[in-house]
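Two complexes, one shared chain (chain A), two partners (chain B, chain C).
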Partner chain A sequence: MTLTTPANSPDARIGQVRDTPELAVGEIDPRIDLTHGTESQWQLIRRRFSKHRLAVVSLWILSLFVFVAIFAGFVAPNDPGNVKARYTYAPPQALHFIDKTDEGWAFRPHVYGYTVEIEPEALRRTFVIDEDKKIYLTFFKRSWEYKLFGLIPTDIHLIGPERSRDPFYLFGADRLGRDMFSRLVYGTQISLSVGLVGVIMSLVLGVIIGGAAGYFGGWFDAVTQRAIEFLRSLPTIPLWMGLAAAMPSDWSPLQTYFAITLILSFLGWTELARVVRGRFLALNGEDYVAAARYDGCSHLRVIVRHMVPAFTSHIITAASLAVPAMILAETALSFLGLGLQAPVISWGVLLQEAQNIRTLATAPWLLLPGAAIVIAVLAMNFIGDGLRDAADPYAK
Partner chain B sequence: MLNYLARRLVTMILTLLALSVVVFVVIQLPPGDFVTSYIASLSAAGESVDQETIIALRDRYKLDSPVLVQYAAWLSDILRGDFGYSFEMQRPVSEIFSQRIGISLAVELTAVIVMWAVSIPIGIYSAVNQYSVGDYIATILGFLGLAIPNFLFALVLMYVCYNWFGVTITGLFSAEYMNARWSVDRFLDFASHVWAPILVISTAGAAQLVRVLRANLLDELNKPYVLTARAKGLTKRRLIWRYPVRVAMNPLVSTIGWVLPTVISSSFVTAIVLNLPTLSPILLRALLSQDMYLAGALIMFMGLLTLVGTLISDLLLAWIDPRIRLGMVGAT
Partner chain C sequence: MTAQTGKTVLEVRGLSVAFPGRKGETTAISNVSFDLNLGQTTCFVGESGSGKSVTARAVLNIVEPAVIKAGAINLVDVEAGQRIELSGLNPDGAEIRAVRGARIAMIFQEPMSSLSPVHTIGEQIIEGIMLHQDVDTATARDRAIKALRAVQIKNPEDAIDRYPFEYSGGMRQRAMIAMALGCEPDILIADEPTTALDVTTQAEILKLLKGLQESHGMAVMFITHDMGVVAEIADQVVVMLHGSVVETGAVDQVFHAPVHAYTKKLLKASMGLDEAAHGRGAASSDEILIETHNLSLAFPSKKKLLRKPGSGVQALDEVSVELRRGEILGIVGESGSGKTTLARVLMGRFQPQFGEAIYHTRDGVAKDLNDPATFRDGQVYREMRMIFQDPYGSLNPRMTVQQIIGEPLLVNGLLKGAALRDRVGELLERVGLPASAMERYPHAFSGGQRQRIGIARAIALDPRVIIADEATSALDGSIRAQILDLLLDLRSELDLSILFIAHDIGVVRYFCDRVAVMHKGRVVETGTAVQICDAPQDPYTQRLISAVPIPDPRKRHLVA
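For the complex of A and B:
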């Protein structure tokens, strides 16, 4: 995935000296901007990044997703696996904050309940939002139990109906009357983590292989280059599927999860290896690296102490652009039934419910996980774009 | 040129061999060999298998020989056009192939052509009118095209067409033309269905192409030769099409190499969502039921398709750019 935006106009203020140096000895040229002259590389990167408006906004959006993923149990009002056949395909309820009653106005969040009508001919149950039935909501509601961070058992939720039996479906309900909002929240947890874990794994592979290829060169470099070219010339999805389909079907969800991320990273490390190799090759020619080598530093010390700090930002950029690709791949695999399987909730698994045109016509809100995917992937692409512009703050 | 072609062909054959190893590993991955699973599926259906068939099958695929011998047998069968036997569909794989390959290729090729036809003018417009309203719209659409997974786009399109226009866009033929012979009517029916998959498949690739072309062209537009030509009085339109576009197209041709894997990948998912009679739904079924010979042959075939495409793009590039043809340094 290559996205290029024109580089931001170079930051001309950083310690730039113009000509005509008619200064007395010891006097500092007033035209030198001292305020930014002493900043560290990371401060410069942050400054550059903050100029990319879209990237900053995207960072906030992504932070929200990450918050939701970490505190999934707290954010989700209903148990995502809780089946309520009464509310099959119940439509989304709009959230209202101002309560208008005979006594006047008050801030009291609520949703409207449903009445069920049965169509006389088709005998199909349809839900109608009933404005007479108000379901009041309370914050920090105690209801079903979950484990925060998978460790601390608790039953406090951000929001929930005052009476726990009342229906509360912000994003509607699915085929089994399960709450789509809560499922989406839990799906965020899995889908984001697949992207992250997958990228970390491919980063390890990419840095080791690409690093060795770039640092030592020679036959190892030639072999890895051919291998990378080979992997990149294949259509990824069919090959991923082949590997995913070969997984034994009796594996536990956790095993499948790691197998899937492993498969994704097995084919995803090439781009990262290419970047790392390129940086190594570029740095190998630098005088300070040669100096370190002539000083008798070991390979490890030259790499870790002298070379890695120079391209960490580039690696982070490449990695951040790889995360959305991983997420898209996982979603496609799960959607086709070859990735994560049903009791596990991911965005792709959720969208599997929406495969059928009849289902879509009855319950279009089943497509909402798709909106989550698009927003998350867009945000990540913009952040990666901003990072790319900021990765080398000394470049003019 | 011949020398170059020969070099590329050798590389391609080596790559194909490497691919065949990967595919063979994929075939071998599921636990148990396929004859045991075939027998299991037959007995599950209530049929009994006589011992002779089993022995014949095991012998035919050399299942009791070492892995390397099995691989050699499989590879030589494929070279002779025998792709094995699909146990799920009870037919030779090559028969399933020949039935669907035409439609598959037609859809994918049209998608590639549409992708280029759409992205080249948009990319040029975007670069020439940088930061104009049209450029921003193209950029936003491009980002969206990259962020929306193909299957989601297909789903939304399906929903919109069904709900707002009352049209179902699944399949490639109406029921009455499904098994008919090719005729003008059948072709018109085909054309009225095929726009949807082509739209979906070409979007992601087109978004990438527009960005590449725009970036390349922006680099070229700032070069002195453009200024010189302009100063000499060439009209803008003539200048742009004559010089910078031709240079900017160069890297674009080389992108066919990675555009094709994208197109084949996305046509795979799209075909499944839209239920097209192409090879993709068969591959999915084969994978889901672990019918690995069929799946392996299909993956092999998709890889071959990609490699042939890459070869064509390399040849095109060499034809356009003499530096590559002559193997000069710095021409990549």
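For the complex of A and C:
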């Protein structure tokens, strides 16, 4: 006997029906409540997930990152590769929305311009925010050209200074006077897609190998398990370094990019293969899978109709927890100078700039890509946690 | 027996427990009152969810996350004449901890999970003794050995240093009892202590508990859903329904002059050896559907590196049974007797090493069930269907009832679309569920209703044979009776033959025409249900039958 189900448990909410001992044989129970119990697996998962506050907030944050990554050119006000020697290490400008002039108040977004002062002894340039120089901003500003989704040529940007020549550095400028904000936006695109593409490749490998090992077992299972154990026993950083060093140096940035994701997923699939294999083994013992076989289902139908739906949610969970690991791995490689190379921009490449302690003292905003990594990885881990709790809505 | 026998040691008055939730509270038990007397056993009986376990936990003040809303629990120290009110104490405080284990001890249903697997039995008993008594380790160890001897564990000096996995289920439950009695408590709470055990082991444990109660003079609060067990050991009976006490009284009065309608229904549902068989006396035909001859199957012990393969487990040992057309054949045995293995062999899951198993199809072809190729064309699976034990695990939670019941019709290419829908509706109504239930997922149904869905799936293909593997053992008494009656009904209507695997002799007597008793992989006796139950020939069958509790306190035979 178990304790009575508390009211806030999902079981109680979906309208449990008590057994009705008074019922005679052949009679239909009139008290069966027909208003509940029609929720599908995904509806139950969504409801459980939505109770995980932190995961929901994280999902919003991640959605913002994904939006930024997809519409990078539109979000970025400046060309990330545009060098402006005048504004080397220019500090971040604060964004103001209300314009207070002699005529009164108005909604007019603007930033203040810089005045450059040169210290006579050190010959060092320092930027001072000049409140007299107002740089007004317009929405849907037409300036430099880019290709939306890499296909459609356009020059519309979310926001930009009215006169394109004016400096607009929300997150400051780097060593070459390039806009950190725009670079971060483009870095998001690369870093997130490396994570995603890497996980998708791992997933394909993992599901096929793990699924076959779990369903058919035998020698194939034994061989793959030993292979996985071998791969997992290799120290990752030296292995990546070796593989990255083996890449020809004359490859184009695009080729390097794909090579890096391949290297990352080469190790990443092992974890997912284990998850899939474990689910297959567990499901093989379920009565309802045996029942499906006795119903006359073929191997394929048993797998596709009865087993796969039971572990898709688990796979999504495992994958969502694997993405941040991928991103961190890419960052680590690029930071060491072994992964992606300039002119490709990723968070790791951006952080390379922040390797020098003296530069950091002058321009701490170069560390902002690190903050982006922390936020993205945390958000994805929270989402993964939320999904893991919601993944099996039928678990007792 | 001590001089204190019969004196009240615990008074519970108006006890209510509720689970706090976001949308208000859910009441687990309300206004429960009872007394426990020294030297007497009070049985709490009711079906799952009636609040029996919550009541027991409330006495120890361990109901978290629920809270005790109202009522008083007075623990009386009979010798000193003092009383302590337990419900008002801090659940984590020192006062209540001094009571738990020392004055009120508890034993649980699952002897597997209530013992720590990483400590020896001795360490666990000694810990309890040293927590509550001011003794040194050596004395505690002596007392632990004494306690193990008291629960009739052989060689207690040796057994004390063993780990729980080296004990059998019955021995673990004995060890739990030894642990509970280590501090000589006034009250022993036993929460379904024999439910997970085989019937012969259950009889031994009941006898042991009764004996210990007499020698220690303690009050026993015994929770069970089995009216047979109640009749065997109870002095007082408390009947619970939906969190309330509906009837209280002396055991003889409750069984022979029940007042509340629910008590009467519980008694009616507790089909025992006494109950008449369903009495159709149906002359089953001589046509044989399934026959096995000398089936033997041994599971080899796992091949280990550098070790000779051992003998392994003989799951089936020369099993010969036959299922005739129109009959219900019961396969009875305790856990590990090989009855489920037999069902799996017939369904093609395992291939035996020796012997043969033959199924005669509708068109008179003999199919060899030992050959995996037989099952490939699906004909055997269309004519021979299975009902599973676990109503929760046997229905795919991700499919609607319509998809579940329609699956065999669909994959065999018999029906689709609207015709399939209509047929599923028909099947649902046939098993006593509304056709509109087909839109829903299994999680919306209770255990009994799920088992009906499983039956609808089994009869969907118009089968000839149904193999029911413990199909009713996960259900409460009255629900079980309904499912059995439904199967009896379907049997005569659809001309079914049923192979019914069970461990519950009462169910077998009520439901089956013929019975084969299995013990350690062998069929020790075969005969009609009445013959096996009333005049068993084989010594094992006799032992099995005599261990079954009879739901009548005037016919006590286990603990007398």
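Couple of notes before you dig in:
Everything that follows uses one rule, which is that the second predicted complex is superposed on the first by the 353 of 396 C-alpha atoms of A that agree within 3 Å, B and C clash if a C-alpha of one lies under 4 Å from a C-alpha of the other, contacts with A are read in each partner's own complex, and residues count from 1 in each chain.
The definition used in the following text is that a contact is a pair of C-beta atoms (placed from the backbone, for glycine too) under 8 Å apart; a residue touches a chain by one contact, two chains touch by 3 or more.
The model shown is predicted, which means the values in this text are computed figures rather than measured ones.
In the superposition on chain A, contact is made by A:H306 with chain C only, not with chain B. Of the two partner chains placed by superposition, only chain C is touched by A:D295; chain B is not. Legend: residue contacts after superposition of the two complexes on their common chain; A:Y114 is shown touching neither chain B nor chain C. Look at A:S40: by the touch rule set out above, it reaches chain C but stays clear of chain B.
Legend: residue contacts after superposition of the two complexes on their common chain; A:E286 is shown touching chain C, with no touch to chain B. Within the superposed three-chain model, A:L367 lies in touch with chain B and out of touch with chain C [touch as defined at top].
When both complexes are overlaid on chain A, the residue A:V377 reaches chain B alone and has no touch with chain C.
Once chain A of one complex is fitted onto chain A of the other, the partner contacts of A:G337 are limited to chain B, with no touch recorded for chain C. With the contact threshold set out at the top, residues 1-4, 6 of chain A are in contact with chain B in one structure and with chain C in the other.
For chain A in complex with chain C, the residues that touch the partner chain are 1-8, 11-12, 14-19, 21-23, 25-29, 32-34, 36-41, 286-288, 290-298, 301, 306, 309-310, 394, 396.
Against chain B, the residues of chain A that register as touching in their complex are 1-4, 6, 230, 232-239, 241-246, 248, 324, 328, 331-332, 335-338, 351, 354-355, 357, 360-361, 364, 367, 370, 373-374, 377-378, 381-382.
Contacts from chain B toward chain A in the complex involve residues 15, 18-19, 22-23, 26, 29-31, 130, 143-144, 146-152, 155-156, 158-159, 162-163, 168, 170, 208, 211-212, 215, 218, 257-258, 260-262, 264-266, 268-269, 272-273, 283-284, 287-288, 290, 292, 295-296, 298-299, 302-303, 306-307, 310. Residues 19-26, 28, 47-49, 51-54, 57, 65-66, 109, 191-192, 223, 225, 243, 265, 269, 347, 349, 378, 381-382, 385-386, 388-390, 392-398, 400, 407-408, 411-412, 429, 432-434, 436-437, 439-441, 443-449, 454, 457, 476, 478-479, 482, 485-486, 489 of chain C are the ones that touch chain A when the two sit in their complex.
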